[in-house]
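Since the structure comes first, as structure tokens, the remarks are kept for the end.
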Amino acid sequence: MPNSAAINAGDTAWVLVSAALVMLMIPGLALFYGGMVRVKSALNMLMMSVTCLAVVTVVWVLYGYSLAFGPDAGGVIGTLRDAGFSGIGTHAVTGSIPTLAFAAFQLMFAAITAALLSGSIADRAKFGSWIVFVIAWVTVVYFPVAHWVFDPSGWISAHLHVLDLAGGTVVEINSGASGLALALVLGRRLGFKRDPMRPHSIPLVVMGAGLLWFGWFGFNAGSALASGGLASVAFINTQVAGAAGVLGWLGVELRRDKHATTLGAVSGAVAGLVGITPACGSVNPLGALVIGLLAGVAAAYAVGLKFRLGYDDSLDVAGVHGVGGLVGTLLIGVLATAAVTGGARGLFYGGGFDQLGRQALAAVVVGAYAFAMSWLLAKGIDRWLGFRVSRDDELAGLDLIIHGETAYDIAGHTAGVGHRIGQSVSSSQAVPEQDAASAKIRP
Amino acid sequence: MPNSAAINAGDTAWVLVSAALVMLMIPGLALFYGGMVRVKSALNMLMMSVTCLAVVTVVWVLYGYSLAFGPDAGGVIGTLRDAGFSGIGTHAVTGSIPTLAFAAFQLMFAAITAALLSGSIADRAKFGSWIVFVIAWVTVVYFPVAHWVFDPSGWISAHLHVLDLAGGTVVEINSGASGLALALVLGRRLGFKRDPMRPHSIPLVVMGAGLLWFGWFGFNAGSALASGGLASVAFINTQVAGAAGVLGWLGVELRRDKHATTLGAVSGAVAGLVGITPACGSVNPLGALVIGLLAGVAAAYAVGLKFRLGYDDSLDVAGVHGVGGLVGTLLIGVLATAAVTGGARGLFYGGGFDQLGRQALAAVVVGAYAFAMSWLLAKGIDRWLGFRVSRDDELAGLDLIIHGETAYDIAGHTAGVGHRIGQSVSSSQAVPEQDAASAKIRP
Amino acid sequence: MPNSAAINAGDTAWVLVSAALVMLMIPGLALFYGGMVRVKSALNMLMMSVTCLAVVTVVWVLYGYSLAFGPDAGGVIGTLRDAGFSGIGTHAVTGSIPTLAFAAFQLMFAAITAALLSGSIADRAKFGSWIVFVIAWVTVVYFPVAHWVFDPSGWISAHLHVLDLAGGTVVEINSGASGLALALVLGRRLGFKRDPMRPHSIPLVVMGAGLLWFGWFGFNAGSALASGGLASVAFINTQVAGAAGVLGWLGVELRRDKHATTLGAVSGAVAGLVGITPACGSVNPLGALVIGLLAGVAAAYAVGLKFRLGYDDSLDVAGVHGVGGLVGTLLIGVLATAAVTGGARGLFYGGGFDQLGRQALAAVVVGAYAFAMSWLLAKGIDRWLGFRVSRDDELAGLDLIIHGETAYDIAGHTAGVGHRIGQSVSSSQAVPEQDAASAKIRP
Amino acid sequence: MRLITAVIKPFKLDDVKAALEAFGVHGLTVSEASGFGRQAGHTEVYRGAEYQVDLVPKLRLEVVCDDDDADDLIEAIASAARTGKIGDGKVWSVPVEAVVRVRTGERGSAAL
Amino acid sequence: MRLITAVIKPFKLDDVKAALEAFGVHGLTVSEASGFGRQAGHTEVYRGAEYQVDLVPKLRLEVVCDDDDADDLIEAIASAARTGKIGDGKVWSVPVEAVVRVRTGERGSAAL
Amino acid sequence: MRLITAVIKPFKLDDVKAALEAFGVHGLTVSEASGFGRQAGHTEVYRGAEYQVDLVPKLRLEVVCDDDDADDLIEAIASAARTGKIGDGKVWSVPVEAVVRVRTGERGSAAL
């Protein structure tokens, strides 16, 4: 099937690769988060991400794409005309790429943004309630906000003329504010501030962070939706800000804790990458350096707030994504350079306070909307289904209780010893008086 | 060196990336499988995949490419003209990409398909016999079947007009049927159905599954061999089916076991991705949703068959790849839509039973050929070299016996204690009466 | 912003993807190395790579790119005109891609080459000194050598006409020689040759190797800086040499140790990939087979030298990268074929000793320069700051001492038990007489 | 001297330790263990196969003490470890003939 | 009361447990251990360097029982754990002065 | 017979083992343990929160021996394990009533 003439193979290749890269961020996030929790709920953490990937994808096909990018209704939301991708075939084009490639790319953004939220409620959420929340949240929060900012006819894009190439508002501030609301509704983990809740596997965290960084090139540079100068500057800015974020966070640690930690290094990387997400297509590499550094520093301080103020945003969604996204979104108003944006300039380059004001307004509106709606949704689900597991289940760990699994069986020579399959199978050997009918191996 | 005019840089970029993505599926599979076995044979599981990557690559260069895609001999096999890539330089073109790019892409398919088989004989195969089997199997089974389906002059492609973009027959049904044969020849693991043989590291399994999903975009959308509408629809279908597969498998688990497990989620993802492999270029996203869901459900039930029927397909190659591949290959005959295929239509879209019949025929022929030949090869090797390790070796675990290694040394503070390097080195300290000549550090 | 006409979207897509792939090699290397050391210093190993990624990136933006690829000064170094990428906007073009894409790609080379060195000094380096060394080393060693070989006006490139597509000299021989110098300056680990220092997690090593192999496609085939025939031959050669390297190393092991090990397989892969790095754009796939095989065999023997000769190149940077890089760089002089190079031919194809001589000269010069300068830098830093930790710290493990962390907390049911957060928090419960002022949770 | 061994639920360690410290005992040795007993294990499911895990995670504590303290200490440990639910564990004591502090070679009570 | 400690080969756990249950003993505590002894360890090779690992994996079982049962139990455990090959392990018993069930505070036989 | 239990610093295992072998003892059982005591633990920091880890890694050695050898063995173990720094650990002994070699059923000294 020959391509429509409007399709550029190079641009399409880049966007498809970028979509795959963003997809990889979801297992990356799962490992990043999963390594950071205690071993007894590690699988639950993985599952919250994995199910986002599954559930949001299905919702996206059914109606999500259409709400976010279907024909505009008043700058606020898309209509349902494109639900089920009806009428969108292989020849449909968006810009210089197939619409289905664009839809696949944007799908991944929705899925990972939802997955980000799971970090704020580690170790204590009912699994079914989480799934319900995810479906409600993407519908009520993510799709509209994506329409406002990413769709050319959305009100933030069309009227506020906010610069946000890859989602400082849609993804980062949105997830930060929503995560905070979730953490408040669910309350603190048992033992918060008393028991150590240290990462059970930092190599897993590093691996996850590595995949996140790698995928972020698709996230940011892929948002150019074409393969050329804009993608290239977004690419190198991403790299530079991630690097600077590492240095920013480690700097804070060395000053405060006297140790440069591995967890700090990768947390700083994520903070820097978050910071540059909105700005990657508006600043030059030196600007990216500043943004990454400040995002790293700000997030390193922000994560301590939860102990001071007593909310349990367990894996620091607000502290890293909220704060980092805010830093980046605002600093566009300072550091945007006309050589990169092709027009708009920040305060530092003589653009005055105009752009900065627009950026701040968008940040506040998105943050407030996300916080309020997420709080309402979470509260509603809590009333309806309960959102938090019982005390005993939380102490025992969600892996065993909810998923019937444990993460590892490597702790030495009892690995595999002292277990029995079902009842009858082992009993046929050791406990012959038991009833063979209780066999539990299922077809 | 300037490119030949026939080469499209965008298409080439996409196929090269896709080849790399499929390569990554092999370590991904290694981790996926390796995490699923007991710790005492985890490295052996990794090694079976790694050596496939090595051995199949070398065979491919020497004669494999030529057998699969060399000049056609009667629709059944390629001739040896292109052995060693002789005469295939940087200017040779296949479609709109360099032939060497096409050859690299197809190489990865051969390697991963062989690696898939290892799952059916976890924990009990002689390593040398496995290598011999792999060489024999790709030669006798994979290369011919790839020629039938993927080469335009192969009989299934040219005469049956079967739709199979990325290898539902060549890769999935083929590996499923061959894996089943292998499992039957080698017999059950000691303690099968009695001892629990639970995954030693589910985070490893999830990580492997993440890499598999990521790589699958190259596998499926790369099979378009160009970067445009077809690749894009294959891409989004892949995503959708993987997601639906998760939901399908978890649905079965919730109904049957009352737990939605992590292993189930990623198994469902793989089943969904397997299901869409043949169909990704023939159905629309809603079709992909149906295929992924059904593949997930079918595989979730199928894996239980091994306990019922008593064959030990240890990691469910037949249950996941065989069954999932069959579901996808057949459902093309139902759900193919002319808007995507550019012609052929499935039953549901008014295409009648024609395409469905062709699909079924191809599935049966490939499955039967693969099963029969694999059984013969495995039996032959078993007679000749023995294919199964001794009882004691199996109990002790293959890692120590075959590879002289253990997977982990992290179990706490005896890590690294109580070992000695060779004899003389430590003895020079603690056991001075021993003979220095027994030093074992090798140059 | 429309692209400049000189920019080819397909080529740009390929180089951006390649840059991302090479970036991924750094976490890949971190895991590869991190899995290979004892658990007590595993995080330190990860951190040495992660901080290279951060530090080298920042240095690259500030002045590194300009030293390596800025306006040539006598074939020896670039001038500082392009420092801070000043004047290099989104429209600047190098070849057929944006200059920023080229700069991002080359950035990753600098970062990973520096990270490679960390393997030679596992478990014993002061963290601050390592950072200082990295900055000095890229400035004094890497940037000049990159200019010599990779910049068209560098003396090795312009005058010696050495063939080295992806850095057999710049990356491999350079890191091998520098790593050896570092190992000599820091001296042997306590217990070297007496205690076993076995890998703490081979699955981590395999995962790292998988990411390295995957990323190497970007490293080698991306070095074509365009998406076409040259990239394709480099791609397939990379695959073939990695595969042959596995077989080469395992062959040596089977002959010598009677075990084909997992660590050996992935080490062989890396050796083969190292070997083909310079040669991937000069030989055909059969040539790649020979180079990969010989690199695997040579490295398998070379790693034993450290025990014989008594230098502690802990993770075999010299043994694998130095030796493998040398094999590849020299064999270009033997196996280069005009059909691939478009001109130059090796000894085997009738090219005489000319090319071989040039290759040898470049190898010797780069190796000698790297060794000498690295030795001087390391010695200087050792005098100035001390480069090695104290005996007690080395025994205790660097993770706890330097980073205040431990890698895992999964060893069973004491996971998370018996720890307290800070002083006051727990004391408020169990040891009430302690002083609340000693609280240690930091904002 | 006596050696008191206690098998307890892991999350009770901090309480037991506090009880010992309140008693003036500042040393103890802890190791991981698993117990079979009245307390039920749990079930895990992998690809549809259910595994019954009978071993329950426990911690095993050892305290060497003076003969006179033994009974009180046993009591203190048992109450600190008590939840009242099945599986709380056991405490037992055995007579010790000699005890040495490795660092100094001190013996008997002085070694504790 | 007696405390019986058995060091056995790991894969023999299920057999020993069955033997204990047949004897009417329904509680025991298991921990991981490693043994040096006559049984040879194994060799591992990493990048050409051979390591001799002398520690052999074992399980360590503890059962507190009545004095009268001790000898029979030792016998039962030993036969259940026996493979006849070197490294089968050891069983020993020591006198117990007191035993308490944590949950209830019961002492002596009632605590088992 | 006696059972000697030693809690030592992990890196001292090889020295203790050598001392035992020099004494003619060729069997022992090792398990992992953690100790609370005078020896300070360490501090870890994760995202700015400091954790004080009080448990210190130790190895726990068990040797069954003849009554006559017990005192000398305790001495030998203690000196081999000594570094002179806090946290070197403890060695204690308890009386053993019976010991059996699982493989053969041999009892008493013959079982060692």
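The chains carry the letters A, B, C, D, E and F, assigned in the order they are written, with residues numbered from 1 in each.
Criterion: a contact is a pair of C-beta atoms (placed from the backbone, for glycine too) under 8 Å apart; a residue touches a chain by one contact, two chains touch by 3 or more.
In this text the structure is predicted, and so the values were computed from the model without any measurement.
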{"item": "Shared chain contacts [subunit A and subunit E, defined touch]", "value": "B, C, D, F"}
{"item": "Path length in steps (a step moves to a chain that is touched) from subunit A to subunit C", "value": "1"}
{"item": "B-D against A-D, pair bridged by the larger set of C-beta contacts", "value": "A-D"}
{"item": "Separation of subunit C from subunit E, taking each centre as the mean of its C-alpha atoms, in whole Å", "value": "49"}
{"item": "Geometric centre distance via CA averages, subunit F-subunit C, whole Å", "value": "44"}
{"item": "Chain centre separation (subunit D, subunit E; CA means) in Å", "value": "18"}
{"item": "Multi-chain contact residues (two or more partners), subunit C", "value": "8-11, 13-14, 17, 196, 198-199, 201, 207, 211, 256-257, 259, 261, 263, 304, 307, 404-408, 411-412, 414, 418-421, 426, 429, 441-443"}
{"item": "Set of subunit F residues in contact with two or more other chains", "value": "11, 17, 30-32, 34, 36, 44-46, 48-51, 55, 58, 94-95"}
{"item": "Interfacial residue positions of subunit C with respect to subunit A in the complex", "value": "1, 3-4, 7-14, 16-17, 19-20, 23-24, 26-28, 30-31, 34-35, 42-43, 46-47, 50-51, 53-55, 57-58, 61, 84-85, 89-91, 97-98, 100-101, 103-104, 107, 127, 201, 204, 207, 211, 402-412, 415-416, 419-421, 425-426, 428-429, 441-443"}
{"item": "Touching residues (chain side subunit A, partner subunit F) in the complex", "value": "196, 198-199, 253, 256-257, 259, 261, 263-264, 267, 300, 303-304, 307, 316"}
{"item": "Complex contacts: residues of subunit C adjacent to subunit F", "value": "395, 400, 404-406, 414, 418-423, 426, 440-443"}
{"item": "Subunit E - residues contacting subunit D, complex", "value": "1, 3, 17, 26-32, 62, 64, 94-103, 105, 111-112"}
{"item": "Residue ranges of subunit E in contact with subunit F within the complex", "value": "2, 5-8, 31-38, 55, 58, 60, 70-71, 74-75, 78-79, 81-95"}
